[in-house]
């Protein structure tokens, strides 16, 4: 296959459709096989990008602006690779999880396939209307996965999520309409020079609408309200997919538009505002995480906080010196990658613990250290990355971000990052302390399959190893 | 507190509205005119109706993803259907239809006349889409409308399950589209959804036919799955 | 001013009416109606601006067709979830979460 | 132009009323009327394809789905009230 890009979209569509044909609860093996191929394809694409630079692909052979182009640069390559790397252990985990706990599987496999197709299509898209369509596919699949949990809690959370995501894509689409009305094209490649040359007021409003729409979907404070119930209430494999990957998709779009097409429109004020919202997210999310009584809700609030870190990037890359900006960008992307791996591992580990104990309550975790030592170790490793302790990927990410902040004399953000790390350590330690207590009367540990423990451990160890192999990731990111 | 926040939303909407109006009235004329490019390439698209050319050829990739959105919504509904205790539970059967009152008899008579007409019109719209207004979506909507009418007239019970046959029917047309896309991408020197020269018109008609049948089933499914419980005795309209 | 531009301006107004309904109305069916009005408004802006110089624009028309299909899909899924919520809670309102968002708080 | 302005007024009125009218059933019916006015607007904009789709999907199918929702709500309210 000369060009892996379109196959990264077609493959999941095909296996998801076949999985649907086979009926409810079926298709786990198809998913594992399909994802293995996708991982190879993503690696192939990453290698091509690393050696030959960014690639474009004309769908339909027409070329922009009449047709739609796909475009893969280093950033897209990192995210595509990350998505398949995180998803493969998760589908292995999910097979074992649903074998024990078949409730809530229903159409998990086809929905996961369509979810991955939507993510891959989104990362590759270079056309703003096409991006809108992929956003809708992503949003509806994610809602379907959350709702499959059943019960008033998950269904209410799914519906709230659906309405928020529809409002977000509505704002995005109005932005698309304004941009199309102004320039007559939807191709990012065609639009970039046009926006650079002349941007009337409508384009500023469009950029603002698209930004707000994507912030809603990324759940940046104060738009985070929908995330904890949706991510905390879904079955563990779904929570892992959503927290690790789905919120990153809309963040990726913000970053990409900010850096390229809409670069002439960005202002320091907007960047500082995003930074302040990120700071608020870190503080609020961490404090709420510490106050939770349910393990999965704690992890979901931790996602709210960790998403905040991603937004500290914007004040560091806007109107600062190039060296500091480059370091900050690397740090931001490393944070994204490290969080995806660690959060997938953490939700997976939490799912294993909850399956074994039979309830989701932080105060009843006593005995986990002796009965599920590997899973607890996984949780701790993931916590290490979230808190940004060496030698984890999270440490490298925060180090690069701090370098960027000090390089541009914005010491305030350094304080935010360090205190955020301490707060993360606090909520992780709260769980660990409970887990090391002795078993409470009435707590029974049912045996869990090893696949559950080891697939989560694999994810956590990757988040740690990322710290040692960060140059490869950063090298791919740099290829233009 | 709530009142203040509502007021804030309204004020923000008004400000945004004023800004939008001002910006739209101030818009310079656009540089790129895609309509001209569509007209220039129309001959190569395989159809003569520009909107169909854009939907199924120039931007066919959007359509590929969009039909998946419809399908995913259906799966989302099915995940709920299977959970509902009263709604679509395995043992649930719609109650036997009572002898129809007069207005329902009229509706049934109407349905028997209209449904064949709607199916014929759907076929016409599908075929006409190549040259003028019409196409797969409108045709599918008509098919679904026929399903709704039959249900309202009491001639077609609400769907309580989605059996293998329906699953196959709802995905086949979409899967054909995906596989056609895969074939074009796999062809030597081919690109995703780049129809081979001379085949475009034929392929578009085939794809649209498949889409019409599957989308018709999906859209009808939206209504028939949702109306399941309404038929369980407690009549709804006042 | 062309009539297409008038419709684009109307579309902007409809977008905001829909958004206000979606955020402020507590009843789920109203929220869904609000979403549909919002979507219609966007479609009018898309075609209205695309055709504001008087010529017919098949590209924006095709995009609106795509958009209409997407919004009926979203409407159906939202109604199915609202239905299920009605079965489970007896209400067509979103249940309150621990901490809400201004305007999305449980208000019934 | 006069027809356009009349249509605009009708659109805005039905949109606001369908959201604000106290009776839910009336609101849904007004939304369907809104959809039919939208179909007329698409004809005015020389978009016959969208007009067909709007009438069939926007007003027709969406309207049917919403009416169905009102029906379920009423059935539920009647079954919970004695």
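Residue numbering begins at 1 within each chain, and the chains themselves are lettered A, B, C and D in the order written.
The working rule: a contact is a pair of C-beta atoms (placed from the backbone, for glycine too) under 8 Å apart; a residue touches a chain by one contact, two chains touch by 3 or more.
Fair warning: this is a prediction, and the values are worked out from it, not measured in the lab.
Participant: Hey, what chains does chain A share as contacts with chain B?
Facilitator: Common neighbours, chain A/chain B: C.
Participant: With contacts counted as defined, which of the two, A-C or B-D, has more C-beta pairs across the interface?
Facilitator: Looking at contacts between chains, A-C has the larger number.
Participant: Round to the nearest whole Å and give the separation of the Cα centres of chain A and chain D.
Facilitator: 38
Participant: Using mean CA coordinates as chain centres, what's the gap between chain A and chain C in Å?
Facilitator: Computed from C-alpha means, the inter-chain centre distance equals 26 Å.
Participant: Which whole number of Å gives the spacing of the CA centres of chain B and chain D?
Facilitator: Chain centroid spacing, chain B to chain D, equals 18 Å.
Participant: Taking the mean of the CA coordinates per chain, how far is chain C from chain D in Å?
Facilitator: Taking the average C-alpha coordinate of chain C and of chain D, the gap between them is 12 Å.
Participant: Touching two or more other chains, which residues of chain C qualify?
Facilitator: 8, 13, 15, 18-20, 23, 45, 48-49, 52, 56, 61, 63, 65-66, 68-70, 72-74, 76-77, 79, 81-84, 87, 102
Participant: Counting only residues that touch at least 2 other chains, which ones in chain B make the list?
Facilitator: Only 16, 20, 24, 27, 30, 33-34, 38, 51, 58-59, 62, 66, 69, 72-73, 76, 80, 83, 137, 219, 222, 226, 229 qualify.
Participant: Counting only residues that touch at least two other chains, what does the list for chain A look like?
Facilitator: Within chain A, residues 129, 133, 136, 140, 143-144, 147, 155, 178, 181-182, 184 contact more than one other chain.
Participant: Which chain pairs here would you call touching?
Facilitator: Contact pairs between chains: A-B, A-C, B-C, B-D, C-D.
Participant: How about chain C: which of its residues touch chain A in the complex?
Facilitator: 8, 15, 18-19, 22-23, 28, 31, 35, 38-39, 41-42, 45-46, 48-50, 52, 60, 63, 66-67, 70, 73-74, 77-78, 81-82, 84-85, 88-89, 94-95, 97-102, 104
Participant: For a test of understanding, state which residues of chain C touch chain D in their complex under the given definition.
Facilitator: The touching residues are 3-4, 6-7, 10, 13-14, 17-18, 20-21, 25, 27, 29-30, 32-34, 36-37, 40, 43-44, 47-48, 51, 56, 61, 64-65, 68-69, 71-72, 75-76, 79, 82-83, 86-87, 90, 92.
Participant: Which positions of chain C touch chain B when the two form their complex?
Facilitator: That would be residues 5, 8-9, 12-13, 15-16, 19-20, 23-24, 45, 49, 52-53, 55-59, 61-63, 65-66, 68-70, 72-74, 76-77, 79-81, 83-84, 87, 102-103, 105, 107 of chain C.
Participant: Would you tell me which residues of chain A are touching chain C in their complex?
Facilitator: The touching residues are 129, 133, 136, 140, 143-144, 147, 151-153, 155-160, 162-163, 166-167, 170, 173-174, 176-178, 180-182, 184, 222-223, 225-226, 228-229, 288.
Participant: Under the definition above, what is the set of chain D residues touching chain C in their complex?
Facilitator: Answer in residue numbers: 1, 4-5, 8, 11-12, 15-16, 18-19, 24, 27-28, 31, 34-35, 38, 41-42, 44-47, 49-50, 53-54, 57-58, 61-62, 65-66, 68-70, 72-73, 76, 80.
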